[in-house]
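For reference, the structure I am asking about is given below.
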Amino acid sequence: MKNFTSVKDVKDPMLLIREALEFKKDPYLQNHLGKNKTLGLLFLNPSLRTRLSSQKAGQLLGMNVMVMNMDKEGWALEYADGAVMNGNKTEHIKDAAMVLSTYFDVIGIRCFPTLTDRDADYSEHVLNQLIKYSTVPVISLESATLHPLQSLADSISIFETATKHELVGESKQKIKVVLTWAPHVKALPQAVANSFSEWMQRLDTIDFTITHPEGYDLAPQFSKGVKIEHDQQKALQGADFVYVKNWSAYCPYGQMPAVKEDWLLSKKKMEVTNNAHIMHCLPVRRNVELPDELLDSKRSLIALQAENRLYACAVVLEKILEAAAG
Amino acid sequence: MKNFTSVKDVKDPMLLIREALEFKKDPYLQNHLGKNKTLGLLFLNPSLRTRLSSQKAGQLLGMNVMVMNMDKEGWALEYADGAVMNGNKTEHIKDAAMVLSTYFDVIGIRCFPTLTDRDADYSEHVLNQLIKYSTVPVISLESATLHPLQSLADSISIFETATKHELVGESKQKIKVVLTWAPHVKALPQAVANSFSEWMQRLDTIDFTITHPEGYDLAPQFSKGVKIEHDQQKALQGADFVYVKNWSAYCPYGQMPAVKEDWLLSKKKMEVTNNAHIMHCLPVRRNVELPDELLDSKRSLIALQAENRLYACAVVLEKILEAAAG
Amino acid sequence: MKNFTSVKDVKDPMLLIREALEFKKDPYLQNHLGKNKTLGLLFLNPSLRTRLSSQKAGQLLGMNVMVMNMDKEGWALEYADGAVMNGNKTEHIKDAAMVLSTYFDVIGIRCFPTLTDRDADYSEHVLNQLIKYSTVPVISLESATLHPLQSLADSISIFETATKHELVGESKQKIKVVLTWAPHVKALPQAVANSFSEWMQRLDTIDFTITHPEGYDLAPQFSKGVKIEHDQQKALQGADFVYVKNWSAYCPYGQMPAVKEDWLLSKKKMEVTNNAHIMHCLPVRRNVELPDELLDSKRSLIALQAENRLYACAVVLEKILEAAAG
């Protein structure tokens, strides 16, 4: 693996999930791999889970880890090639990427979307300029359109849980996973939903459905071919896993069209599922996106998902370090 | 020791002080104890000494240490159970604590009081919600009402100095320690004073007095049974150690009632003491709280107190790691 | 070496450059030197290269490294001795330096000039107060008037390149190095230019010229005895290395007097040089200070300079640790 920015960078997602679960059994076993290697984590936006899990994942592998909150400790970067830099941007990504490649063996970057310029966001302008000018592997810690480490952690959590509850096996049916839109008080990126959709489609044993209000279609490149059901109750029928997440509209971009129906889940609404496990990537607005009664229930996987962020990042770093070592 | 948030968490404070002084003799001796353990330091407020001494204490024990400035790198947390999170709080402490417990083996947290909501502050709402939802040990790096690592460092400094100057021993009288209020330009928490009072009362060889202007009584639960003397000169008579600290009023809460007398100490005023040692936890407003002539004198213990912050935190981490190891 | 704040702290700059190039051959060879030693990096101003290269240099030597963004994580410091601290300064440098000396074995500090108070800046008030009150070695990570780690990295880059291109040797002429002023959109410190001038004058094999518009003379103590040429084209004739940098005026201090001529370099203007290598310390305002065609050309040394920041800092730490070990 050279870079990790999408499921497209992964040859065999199911194998990677299994390797992550192996890693989890003995987290410090590969501690020699990162000796005298440096992981640089670059944040253009705030982060809790991602920062801490990536920092610790680097330490599991024995790497030195440096965190740079570029927005607070550094300065504004210019991303446009050929720009005459007479404004408020202090350094070009071309030069910053060169410098970071000099000091780091692997770069992780978090760069949120503008939610106002769809073309820039969906071209992954910031992430791709960093990759273009870096000479070392780049890991996305959530980009404008995708959050692949989250989706890998989610996938690990689904298979770990399905195995424990004997939902998988030769004679079993596919696992039914439903991604449902949820209400929120402000416009959020589409990255988690896009990314989850991309990963679910690559896993053979998953039967995947998305449910969302009219007007909240995901970008075609991430939702094409997926079952879409606008009636939440219908979608939930027989579900084994229900992934709950808000996102803003793709069109009109970054907006929050009014929704008439009540999309907030409840225990009552979950009765049509196959006693489904509840998932959310966190942070969650309790009792806005999901009620306490579900988040705190025995079927909630939010703690497992947070834990598996660690092994998602660790297994990706392992693959990258192994590839770099030749 | 499970958590460390007050002297109440310590069975034998004098023994802990002695163990800290043992630790100081060979600071890297216990370097194996923290191998593959992670200390997470969470700051909701600014910090210099506490951050650096805790970070280094973790390293003395061989731990990986991660610092998270939640107010700057993260987002606002919700502390109320059952809240409908449709305001500006991004994540519930319940979920943050669960996540931190997943990545960290020990959590340190600094959370200052509001100084406006006495009930919330004195119930230690923030600290206690973190402890309630954490599954790993929690160390207070100063909470709304107490600063136990500071008081432990102060106690270590008193006994280290008293031993050096032969103020302790079987045939000796008790050591007279006076906590005196000092002027300041803004309203400060009561935590250092509350905490110091709590620790002094637990040490048998200490004869403890508090002196402060009318209107600056500390909360009853921390000052009950302590000698209070409103005449600063009377209080200072025969003192071996004088601890200088400003605090705002407990009632009216967080206010600074006008003080007519001059409470700023001086060499002259110190003449009634037993050539007392001067203490302050820092940061100190020079020539407002304490004059240069005392801070820079040979009787000043401020450097020793700062140094002992290291061993206070290290010995607490040692006890917690030992307890966790069973 | 006790402190490192200027070329004046270095007995034999050429030897230090050679030792840095030795270090570069096997960067982790001296990894034992810093065992159980702590490097504290204190930033009063933003930083990218300096922070990351210093942090990594400490790790190359096996040190524990702590970064403190004093302006964001801490509070405002008072620098005036004897001050009555009743304003907005929370802690005196005297006390902060004492505390930092307690927790750190070596202190690095970045403290930019005010650009309004020339006397304070050129007396290096902030840096010198830290040194005065520290009991451990202090490294300048760029002070009000100098940037010695940058200049050391620049010097290393010049000799590494000159050796590779066989520009040095017994029978060779001196290497011609030209420092040229460049346009910028805002007033910048004079530190990089002052410092570069100071280092170039200490190297025997260098023939050094400064070219700048009228009104942009550097402070006499850093430029005295150096060839000054106001005609950029004349200055560039036969140059082997061209260092490009903006600085604001020394008199009127911190101002940007209007410049009529065009000082932006180009490939065309570089034709009079000896196919010179182009240097810049970064961050660079592309197409304002230097055009893309030069920054991205094969003669650009900006990547090498950034890389050598690492070995500049590492060799300085090595000398300081060796001296401290006796």
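Order of writing sets the chain letters: A, B and C. Residues in each chain are counted from 1.
Here, a residue touches a chain if its C-beta (ideal position, glycine included) is under 8 Å from a C-beta of that chain, and two chains touch if they have at least 3 such contacts.
In this text the structure is predicted, and so the values were computed from the model without any measurement.
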Graph class of chain-chain contacts, one of line, ring, star, complete, other: complete
Residue-number overlap at the subunit A/subunit B interface, same or different (half cut): different
Subunit A-subunit B separation of Cα centroids, rounded to whole Å: 40
Shared-contact residues (touching 2 or more other chains) in subunit A: 72
Touch list for subunit B against partner subunit C, complex: 28, 43, 46-49, 51-53, 55-56, 59, 69, 72, 185, 282-288, 292, 295-296, 302-303, 306-307, 310
Subunit B - residues contacting subunit A, complex: 36, 38, 40, 64, 66, 68, 70, 72-75, 78, 82-87, 90-92, 94-96, 98-100, 102-103
